[in-house]
Amino acid sequence: MEIITISKFNNNKGLNDEDEEMEDVSNNDQIVTPGELITEDTVWMRGHGTFALGNKTYSSVAGTILKVNKLLSVKPLKGRYTPETGDHIIGRVIEVGNRRWKVDIGARSDAVLLLGSVNLPGGILRRKSDTDELTMRNMLKEGDLLNCEVQSLFQDGSASLHTRSLKYGKLKNGIFLSVPRSLIIRSKNHSFVLQGNVSIILGVNGYIWIYKTPTVDNRLKTDSTASTASKLQSGVMGRQSGYQVGSGSVSLTRLEEESSWEIYSDKNDENISDAIRSNIIRYRNAIQALAHSQIGINESRINMAYEASMAYGSLGSLTEPEVMENISNDVLNGEKMRGS
Amino acid sequence: MSFSVSEKDYLYQSLSSKTPIRPDGRKSHQLRGIEASINFLPNSNGSSRIRLSDGSEVIISIKSKVVKMSTLADLIELDLTIDNLRDDLTFISDWTNILRNSLLRNFADKFECLKLTTRYYFKLYVDVLFLSSSSNARTTKTDTSFLQNPLSMISFGIYLALKSTRLPLLISNSNDKDIEELPTFNDDWSSTVLLYPQDEDEEIKENNTTSQNSSSPPLLFVLSVVKNNLFIDPSIEEQEISDCGLVIGWCSGKVVSPIESLNLNQSGSSEYIKGMHGQNIIEGIKMIENVAATVSKGLDEIVKDGNNSVFMDSIF
Amino acid sequence: MSDRRRITGPESALPLVFAPTPNNQSTTKSPQEKTNSGIRNFFIKTGIVSNCNGSCFLEVDNTTIIVSVYGAKPIRGSSVTSASFSVMTKVSNNLEELSNFTSSDLSHSKEEKEEQKLAKEDEYVTTNQIGKTQLSLVEQKLSTYIQTAFLPSILLEKYPKSSIEVFINILTNDSHTNSSLLSLITWCANCTSLALVDSGIELKDMVSTGIAKLTDDQTVVIDPSYSNEGRKTVGGQEVRAVASYMSVTDTVVGLMIESEEGVNGEMIEKVIDGCNTMAREIRSNMNGFLVSTM
Amino acid sequence: MSVEIPRVVVPGQPIVPEFDTASHSADHTITQARKYLSGPGTTLSKIPTGPNEEVNAIVATLKGKTVISPKSKDKTSSASKDELPVNEFLVSVVNHQTPRVPLPKEGDYVLCRVMKLTSRQAFVEILSVDNQSSILADSGVGSNGSLGMAGGTSLVANVSSGSVAGTSVFSQAVGATNASLGAHPADLGESFRGLIRVQDIRATERDKTQVVESFMPGDIVRAEVINIGDGASYYLSTAKNELGVVLSRSHGGRGDMLYPLDYETMVSVSGHIEKRKVAKPF
């Protein structure tokens, strides 16, 4: 009977070092530690994660060296999320302010979401009015989770977000999970439909939302509507952020329908079956297992971990450290066999 | 800062159904796994450290001091520190009270083991430091909404710490009723005695079953009630949507007081607080009766391991 | 709690102290007759404090309690969507016996008890100094229990941006009969319930509270008063319980069980049933009282 | 048969089930269905009627007498002839002994005092809601209503003399504010805060409106609650004819009483003119 696992303190978390894999190991895979001499060359401009003593440049964090033109910086392996324009992330509203929401995105400073950067209820092309300012809490309030994109960065590195696309917005029908942001592998797409009627959004900031796949058949259309929306928006907002504008075409009335108050509803779908609920939990525990072993997370690994977890019938057993390590090993072995 | 309405609703639906699904997939009687070690503070008579998988951690130190007898209730002092929160917050002193009372009521041999002479006693100072996993999710210093109820975890820690506590061996006369003298002690660490004697081997235990050896420090279990379902050791999100909370004590094979209702919701919203049915309480007690022995056995393993290894350290 | 609603006097001001009333009456007062339901007679009166929104006075044996409710009144900043709810308890000064609640059961010999009493009196002096700000153990426990028990009953969401504050003042408590903390909790909770109704704050249901104990011979005593039985049962297998109920939905909103020994489900069931019986009785009493005042 | 409805209720007492069928004819055929709606002093909650059985019922939340009033019938809702006609009733509980604590709601008219002005908005404190009792029935100092107790404000004293001086226009407004001024909440730091944004001051010429030309600190303003707002304050509006300054004195509160001249100017007895957003006198 599973009641509790009590293990001795073990500070060497994760698997053996040979299996370790970090997301950010790019072309520059040299790892430095704080206080380590990086270069004596003075041509480099010193960026984040470095400090200078005399003419020598040292690292102030543990991480990988990043050289962009003449800018030398060290990207920390661990640490808070640093937003970048275009990141698909998940945030939690922590304050409703004057024509803006303050959003926790796991970064050093809270992000802002301007009232002008969301879809207003009742039609995407509507001009924002005075009453919108007063009804902001009806759209998003403290605690609400949203799926959004970093629109731009302020001088101090804090982010301005937007949800001006139908694929973004308020999250419901699922559960939230947070993993170290360095484990999320950046890819083209960060939302996936998985087997078992479950979908997932892997926020680049390490925030993850696992939810029931929406039943409406327009899910496939979402991509096209989204890009249409962004096309429309890019004109309206006058901000060109390098969108690859899609070729979908959807009537405006449809857009208006979908962006009604419904998108800000707090109500979950009725009758989410127990099967879907336990699938969601299984995915959650599978991702936890990957995070436990410090393995980078992407769609295929989630699927593999999910399948590996099937060997353990009970969901409860998936929280045991031993089982989590086994699952991670299965995933890594599976990758080796496939040669990926 | 709080959870979103739909998150809470989803969770409540999951937990209140006939076949409840907990957010981390645990069975309703399954506790979260912990990592534990004892005797890691060289300056304390006993110490323990417990880490939960979510990163929260509890550190306990027990120190002793020789005092002249005043009242038995004064023989244990408990100090609880949580993160960097002010210690005069109501819930912190509530938790301190519950922990201290459970110790006082269920202390081994009714304090006989702390008795040195007819006049002198050992007084125990139990210092508890709880580091919550939410400390960096906190937006302000006074925001306690993400603080989970640590009673259960702390009581496990106190259990381990007390079982690892060693007190110096008295070498002066234990009867000082007529002649007053200050107690003196053997200053060799290897001749100290365990506050809670360890079962050296199984046979001895079987011989004198119900005597001293079976006594253990009390454990506390926190239960969350959602409709007709009970969940042991609720996680922070489960606490947030509980109809009601319940703390149940367990000591030496029996359910003991405190048996009290608790408010598990730290964020101050009361929309989910509803109360429970009488039947829930009975079920809760049954659940603890089934589960607690396993937990204390598991903790005893750590004690056995730790105490033996410490002994080795002190020899070499 | 920041005290920004009272106008504080000059620094040198002294609190008003009344001469002690001659003890001619309370000592001789014999424990009241129990009704046939097993509950002592109690006296209640609402609306006796004029400058609060609701109040209730309750007297049972030699225990007198006043509960006053303030609210819903404005607060700034937090609690946008619903009211905040807080409870403060104050035990008046002549109650040294109360400080023994938490520890009295642990002493063994008479000798020790004497010694303990001396020590406690010292403590009493130190903790009851004029101008203390922190609550004592008993006050704190009482406040927490009442707060936990009444949270489910108050419709806090009807009072956004407001606070509702309950002040419990225990005027006298029978120091000659060892009235327990649990019994005090019971009557404070019942008094609070009526004070809340009096204040006109909207409630889902009234909370009524019962107390019972299970003696060694497994009999349930409702509303045990220690005055007639003394303390002879202490040390035996005795389970004491307080439970608060919302009768309409039959839910337990508050619970506190004390016992020196281990307990099992069966014992708990019995003792809680006892509490329930008393809570129902109290509830019908309160209903009758409220209807009679309209 | 329709359910017996208790006349006097205590909190928690079920009054009626949400739905009820009534038959008035002799043969007990059901002729109409009734739906009860939860009004003030009641709430809708689930009441257990047996093991695992629950029914929605209107439950009292206050001690008082039940009042059942038919709701104005909505013609469009009566669908087909097959369905029973549904009569809707509003159930409420009233108690005149303990007045309800009035909290400002959206749409309420409130009386407030101007505290501070900025170029974008005027900060006010809400004194009372509509014609209900003062928000602060008490603030813990026994200042329950009576004028003399809190020492009154100088404004109050002058108001009385002002109305004696013969402007009947103000007697009404004065009556409404007296109790609130007596409670004098500002000194105790306890009142609901409100703010009137510059665009909510006037219904017309909103772009030209300036805060300083509409209010002065100390003015008593009648305003409408348009939103419950964020943590700090309620959002108020005076963008209606009957809303705006009802009581004011010249020279920032130091001078004489001002009387309305037209919709945007007020004048003192001595002929001093100041600009205000003036409430239309009744």
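For reference, chains read A, B, C and D in written order, and residue numbers begin at 1 within each chain.
Note that contacts are C-beta pairs under 8 Å (C-beta built on N, C-alpha and C of every residue); 3 or more make two chains touch, one makes a residue touch a chain.
Chains and their UniProt names: A, C, D = Exosome non-catalytic core subunit; B = Ribosomal RNA-processing protein 42.
Keep in mind it's a predicted model, so treat the numbers as computed, not measured.
Listed by label, the chains touching chain A and chain C alike are B, D.
The most distant chain from chain C is A, comparing centres defined as mean Cα coordinates. A count of contacting C-beta pairs for A-D and for B-C identifies B-C as the more extensively joined pair. Centroid to centroid, with C-alpha atoms defining each point, chain A and chain D lie 46 Å apart.
Taking each chain's centre as the average of its CA atoms, chain B and chain C sit 28 Å apart. Averaged C-alpha coordinates give centres for chain A and chain B that are 37 Å from one another. Shared interface positions of chain D, defined as residues touching 2 or more other chains, are 230.
Shared contact sites, meaning residues of chain C that touch two or more other chains, fall at 246, 249-250. In chain B, no residue touches at least two other chains. Contacts between chains close into a ring here, every chain touching precisely two others. Pairwise chain contacts in this structure: A-B, A-D, B-C, C-D. Every residue of chain B that touches chain C in the complex is listed here, in rising order: 69-74, 88, 90, 93-94, 97, 101, 104-105, 110-111, 244, 246, 251-263, 268-271, 273-278, 280-282, 285-286, 289. In the complex of the two chains, the chain C residues touching chain B come out as 79, 81-82, 84-85, 102-103, 105-108, 112, 115-116, 119-120, 134, 137, 140-141, 143-144, 147-149, 151-152, 154, 156-157, 243, 246, 249-265, 268-269, 272-273, 276.
Of all the residues in chain A, the ones that touch chain B in their complex are 1-10, 92, 94, 104, 141-145, 170-176, 266-268, 272, 274, 277-278, 281-282, 284-285, 288, 314-316, 318-321.
Chain D contributes residues 199, 226-227, 229-230, 235 to its touches with chain A in the complex.
By the touch criterion given at the top, residues 8, 10-14, 41, 43, 45-48, 59, 61-65, 95, 97-101, 103, 135-144, 188-193, 228, 230-232 of chain D touch chain C in their complex.
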